[in-house]
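What follows is a single structure, and I will ask about it in a moment.
Read from first to last, the chains carry the letters A, B, C, D, E and F; within each, the first residue is number 1.
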Amino acid sequence: MPQNTERVAYVNGNTVPESQAVISVFDRGFRWGDSVYDMTRTFGGEPFKLGAHLDRLYRSLLYTRIDPGLSKNEMEEITQEVVASNRRLLGPSDDYSITHVVSRGLIDTRFHEGANVAIYCLPLAFATFARQYVDGTRIITPAVRRTPPQSLSPKAKIANKMNHFMAEFEAKETHPDAVALMLDMDGNVAECTGANFMFVADGVIKVPNRRHVLPGISMETVIELAETLDIPVQEGDYTPFDVYQSDEAFITSTSYSIAPVATLNGRPIGDEMPGPITRGLLAAWSDLAGVNFVDQALSHLPQSERGS
Amino acid sequence: MPQNTERVAYVNGNTVPESQAVISVFDRGFRWGDSVYDMTRTFGGEPFKLGAHLDRLYRSLLYTRIDPGLSKNEMEEITQEVVASNRRLLGPSDDYSITHVVSRGLIDTRFHEGANVAIYCLPLAFATFARQYVDGTRIITPAVRRTPPQSLSPKAKIANKMNHFMAEFEAKETHPDAVALMLDMDGNVAECTGANFMFVADGVIKVPNRRHVLPGISMETVIELAETLDIPVQEGDYTPFDVYQSDEAFITSTSYSIAPVATLNGRPIGDEMPGPITRGLLAAWSDLAGVNFVDQALSHLPQSERGS
Amino acid sequence: MPQNTERVAYVNGNTVPESQAVISVFDRGFRWGDSVYDMTRTFGGEPFKLGAHLDRLYRSLLYTRIDPGLSKNEMEEITQEVVASNRRLLGPSDDYSITHVVSRGLIDTRFHEGANVAIYCLPLAFATFARQYVDGTRIITPAVRRTPPQSLSPKAKIANKMNHFMAEFEAKETHPDAVALMLDMDGNVAECTGANFMFVADGVIKVPNRRHVLPGISMETVIELAETLDIPVQEGDYTPFDVYQSDEAFITSTSYSIAPVATLNGRPIGDEMPGPITRGLLAAWSDLAGVNFVDQALSHLPQSERGS
Amino acid sequence: MPQNTERVAYVNGNTVPESQAVISVFDRGFRWGDSVYDMTRTFGGEPFKLGAHLDRLYRSLLYTRIDPGLSKNEMEEITQEVVASNRRLLGPSDDYSITHVVSRGLIDTRFHEGANVAIYCLPLAFATFARQYVDGTRIITPAVRRTPPQSLSPKAKIANKMNHFMAEFEAKETHPDAVALMLDMDGNVAECTGANFMFVADGVIKVPNRRHVLPGISMETVIELAETLDIPVQEGDYTPFDVYQSDEAFITSTSYSIAPVATLNGRPIGDEMPGPITRGLLAAWSDLAGVNFVDQALSHLPQSERGS
Amino acid sequence: MPQNTERVAYVNGNTVPESQAVISVFDRGFRWGDSVYDMTRTFGGEPFKLGAHLDRLYRSLLYTRIDPGLSKNEMEEITQEVVASNRRLLGPSDDYSITHVVSRGLIDTRFHEGANVAIYCLPLAFATFARQYVDGTRIITPAVRRTPPQSLSPKAKIANKMNHFMAEFEAKETHPDAVALMLDMDGNVAECTGANFMFVADGVIKVPNRRHVLPGISMETVIELAETLDIPVQEGDYTPFDVYQSDEAFITSTSYSIAPVATLNGRPIGDEMPGPITRGLLAAWSDLAGVNFVDQALSHLPQSERGS
Amino acid sequence: MPQNTERVAYVNGNTVPESQAVISVFDRGFRWGDSVYDMTRTFGGEPFKLGAHLDRLYRSLLYTRIDPGLSKNEMEEITQEVVASNRRLLGPSDDYSITHVVSRGLIDTRFHEGANVAIYCLPLAFATFARQYVDGTRIITPAVRRTPPQSLSPKAKIANKMNHFMAEFEAKETHPDAVALMLDMDGNVAECTGANFMFVADGVIKVPNRRHVLPGISMETVIELAETLDIPVQEGDYTPFDVYQSDEAFITSTSYSIAPVATLNGRPIGDEMPGPITRGLLAAWSDLAGVNFVDQALSHLPQSERGS
């Protein structure tokens, strides 16, 4: 693979081809999950709400007492440089996810002192999620419960995702594309793996109690868009019962922004796919981003699979 | 550092000098803690209960659905080779910890497919824990609660240790050497970061309910030794009250085997340091291991700090 | 349907053809689940452990403060009469389930005072569960948690099964034959809908904490058989982790006695189907019952589906 | 009883005299509580908020995955017909409760396929609750806790009422007329058996967290009336402490609409019976219903027992 | 009241007539419940198991970090002196309760430094509990839950009894003599106010999980007596269901030793009052104490009330 | 100590010199914590919000069913008299705390019937807390959890403070001046020993869910002042994560009104000490009280310790 077609990544002060972007096996993140991370996407090649993502990254760092060795401004500058270096390798209908990982460093400091910081770009895998815009997402509530805040705060984005992965294995038993909607210790709807969950009832967007979920930048974007669209938003302790009775539901994440929900535990949610409020939010977000990201995603599918 | 004085590590099929033992930044363990690990120590340069440690590693793998790409026998052989290669670099009163880390692999499989497997040796840091044998350990119960089994099983050794580290930060507020004794969601004594906790009351060794703790190989060794010494062992739901009233307490881990506890939340436990049962267990373990590991550890301290 | 080929049922003092076995729509069981029930099966046409089933029925009655208006002896006599009346209609390889339902009575006592008592026989639906003996059962842990004892005791067999049915719906999303293994409020393995769950590890039969489960007569039978077979039995708070690591697992119920478990959340349990301890228990139970009930069940399948 | 003085009931497509309104003993509701129900009352012989009750019934059906085989409109039409048929049998100061029960059907479908649907009218038993308007209700908090939403949603009206009945038995130990006010798993005030509980403090109507209670149509009516009367309403997690300190309290149900509370665990609530806000709500509801239902109820008592 | 007929009490180093036995209003126990206590009774004027009571008192002191300023031996000597001084005032069929209270001292140390220690004797109020031996005790499970160990250990006898008193108020609503049997946070049977609860099923004495109860000296005495009588004892997590089904139940306390239970929430327990095992325990204890304390208690009732 | 320089206290109807203010050792508060209390402070010698404190005292009395034998008006009058009698003994920069204690009375009513009521004044110990205004308070989250409302309401001020004291012992292990911030059973921030906790994020004052805390008069005063200063206030379920990320934090109590928080578990909170909103609240409260209580407190320190 000739270097000039290879993307670069930032690792501990150096910008290197991705194939050379490595860390020591003595890394505490690799061994213990002693690291935090965040992910930003680009629209039209430009990072979207990078500031908000870095704010969250630094809240995660503060909480876990990891010193990244870089100010937030330095982190932002480096990020922009990494994106800039890789932009020429972005296809016309492509966009990047930008990942930040910061571990507390090595167990054995002979090889490196201080935090290990990595920043890298990956093209968004549109083909893997494009159908969700058309078909909706199958949601399953697994038996595994979301780690409670008195053990570890869900508000920090920590490299301790096995709880989510165990939930995901349960959901995948029903269908390879199914997504786990985790409940909190009291059986309230919390969050999906890497996505926030929201639903619509009587014209109101319902947001699960933020105490038990990652404060998703996409979730916050939906709330801002709802305000501009005059759709009321209500946070509360909701249970699967409420979702079964809802008119629409959707999940939000950095990669697909908003994906409508088709079913909860096999029961259809709503009459249209997506429902009218979800459609309105998708349109408003496309306006905000300057990119019709639904069309963008569908363009990665063979014509025959793009739906109506 | 000339190579012939550098230890080697195993990484994905290759044995390389430690300074070259690296994994891609795209590793899922580094980013998400999507990995499991285990740690064995040597006595006199020979791995102690390696089989039991690998059994536990493979239980962790089975639970997390990670396929290491190696059978347990292969893993054992490779481990013995890594230790053999590094044995000549071991000082006369030194011993190794042997670490296994297995992550689910890379996010981006261009660079590597399948699990990332690393095996490495590090000399035990005797100087950091030798004084515990003499002074006992300061134990603190932090506010942070051990992740409950309905979120993630404590019986698997998963790279999701931030819960433990957050607890440890609280303990360290009282003293830099203090160790956190975490409670479960109901306030029962569970486990320390990287150590099991046990105490002695009325001649009986009390073991916290195994439902909430890692089944420590060292804890199991103590239980076996207790049987040979005719000391009864009782598992139960114990609270700090029981520990305050106890006659002795100790923690067990792969590195120091058994370390007596001096205080719980500042209250002294027992009258002697270590107490008679703890001393008996230490002696029996030294016999079993063929190494007086207390003397070994103390030999790493300046003469003046070795205590009486 | 000519009457002489129709089974009879007992309803409130009368023995009537099943088609005429009715209760008023004002019944409190129909409206509120204000009733208790039990189910016994026959082997070779003879009720098996009818006394134990009626003991449990009367414990359920005592707990719910329902007065059946019949002594336990009277209930037993009537039951035997119902079975006797229906025995001639039993096919050669068939057996009956015998159901008792006792509701607190009617809302409107114009039509009937006191409890409504119904006793009826139904041929066991061997074809629906015969394949479980050969293929094992797919077990799924649903998100819905078993009703806790501080709300309603799981030890009484009460007509309040919606909790179980909601769990079953989740399990059926994975496969139409999947069975839900419900967890208690702390995430411990509890029971299936209409079946107890048990597993085998290191040669020991593990029984979930009886605090959270119906004391199944079949479960008790297994424990008795285990004693005769010198297999140790241990009751405890077990989690899915323990089951994933187990060597065998099975479920017990009145209809199929013992059915081996093939998978938990898609992960295979054990190497053989059924495992050796399960096989031993099946054989011992067949001896006890005087009927090889596995063969009996398989005989209801087309030859081609009976497995090896 | 000559048929022309007997009310009729609807059962599975047929309108029959109540004495002939029966279901098979094989019904799943009778055996397992596998049914849902609702209850509407009439004022002046006209169903009150029948639409809201049927909406709730269909939410219960959706949640429990029972298909009633009738659209909501069909159900409403049939209901109106049943009421119309029975109206001539209603005494001058009487009114009906109208009950809907829908079970999932029979265990044995030889006799009937699909849901069992019953609709019947019963004259309200005014004499049993009339004194509550005058004397207030004795409220007791039982030890039994309301089934938590992670086991079964309290928002659906399911034939699984044994939890409520067990609570009621405890309350009745103090006084035959006492009513149980159940607490949720955290000790918050939830709901009574067949009634919602509300209280007044500092001029504000306090409603227990709706997460743990049936969304009572009567409770919603009170909230609507409060709005017209400019009385603020606040939903929250309230404990018995808050009720002990309150100025007024009342319970709401379909049969008596609003009944003032006299005492909680023997401690008097408020200074007047009913308190001023409760009186205002009673008056406003009578206006809404076009019937002074307090007078109506009291008219069923002997003159001497009607109070001042 | 002439002094020579007045009992004396010990207060902070002085033995004074009871009427002069006072502490400052600045006492921390009076204001904050910052004190611990214990109670011993005499049989035939001699303290029973005083050593065990003082052991428990000193465990309570250690847990709460109160320094009594007296060794256990000194405390015992003083106690014996107080009893000796008061023995001549004891009627022929009377006995004493001996109370120890130790508070952490005064808020304002002008008046006294260090702990406030009081020891006093009161004649046992036999008349208030004698009928329990004959009629049995009415037991009620209140809604209030026993304070959980993660808030405060139930194993220490701390002057923080309001939790018990609130429970007692609920029980007294059913009957002035009713006794509250508190449940733990999971709905398990825990303890009564000032008494332990035990029951008998299938010939086994069942003791609630000691994690949630005061380790009553009387409870321990019963367990010792059971051993001598060859009655098995089993500790566990029991719920009201288990008690409803039991054959006998009793409560134990320092004042009455063992009192049979007549009813739980109005449901009779067992067929005889007291049951055979309870009778055996009562007899064995009387032997141990050298006093038939049942007869002693009944002798304080008018002849007509002593029962058969 | 000549009487004319000694303060007086009220005890059960009598006003006596403090050295003679005593209660019997038979008091139920001394033995069982069967008492309630409250504390008011003076500003410039005048009680501040005495009415609100007595309202709370009487809510505590109502909840615990203690009859003080005095109306609220009588209690207020007596309080004013006690303060008036002691005012001449107040130094120029001093102020009083006024304590009310009401116990349920004596175990042995020979010496006193009815409640024991004590009212006393103590000079505020400014020197012990003055540095907190300058340095901020060190806050520690202990392992001990605040007693849950289903055991005992935190809204009543009951003499059952051992839960708080046990928490305080843990905090003091880190530093003698550290203060415990207790969490509720779900790990939410609740309250400190004798103080409420509040924090500031994004210009909003955050108040922990009032369900789990004493409704502090000082906390309510802050909320009133915030309204006048146009600072929004938000009540919610907050966790330590939220506090770590906050801009300011402070604790409120009757003695020091508002004290800024410096650190949580060793992590600094905010950039200034006190932060701007805390400063604004301190100033507004000084205006309200007519006393600059920060200067007042600092005047009790040696000049050199008063800070900048």
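Note that in this section a contact is a pair of C-beta atoms (placed from the backbone, for glycine too) under 8 Å apart; a residue touches a chain by one contact, two chains touch by 3 or more.
Computed from a prediction, not measured in an experiment: that's the story for all the values here.
Shared contact partners of chain C and chain E, listed by label: B, D.
Contacts with chain B and chain D are shared by A, C, E, F.
Counting the residue numbers used at the interface between chain D and chain E, over half appear in both copies, so the two copies meet with largely the same residues. The chain with its Cα centre farthest from the Cα centre of chain C is F.
Two chain pairs are in question, C-D and B-C; the one with more C-beta pairs in contact is C-D.
Taking each chain's centre as the mean of its C-alpha atoms, chain A lies 59 Å from chain E.
Chain A and chain B have Cα centroids separated by 34 Å. Shared interface positions of chain D, i.e. residues touching 2 or more other chains, are given as 65, 143, 145, 148, 150-151, 169, 183, 185, 187, 240. Under the stated contact rule, the graph of chain-to-chain touches falls outside the line, ring, star and complete shapes.
Of all possible chain pairings, those that touch are A-B, A-C, A-D, A-F, B-C, B-E, B-F, C-D, C-E, D-E, D-F, E-F. The residues of chain C lying in touch with chain E in their complex are 59, 62-63, 65, 148-151, 153, 155-156, 185, 209, 211. Contact residues of chain A toward chain B in the complex are 9, 11, 18-19, 21-27, 29-35, 37, 64-65, 99, 101, 103, 107-108, 110-111, 116, 118, 120, 122, 143-148, 150-152, 158-163, 165-166, 169, 185. Interface residues of chain D facing chain E in the complex, by the touch rule stated above, are 140-143, 145, 169-170, 172-174, 183, 187, 240, 265-266.
Within the complex, the chain D residues that touch chain F are 183, 186-188, 236-237, 239-242, 244-245, 267.
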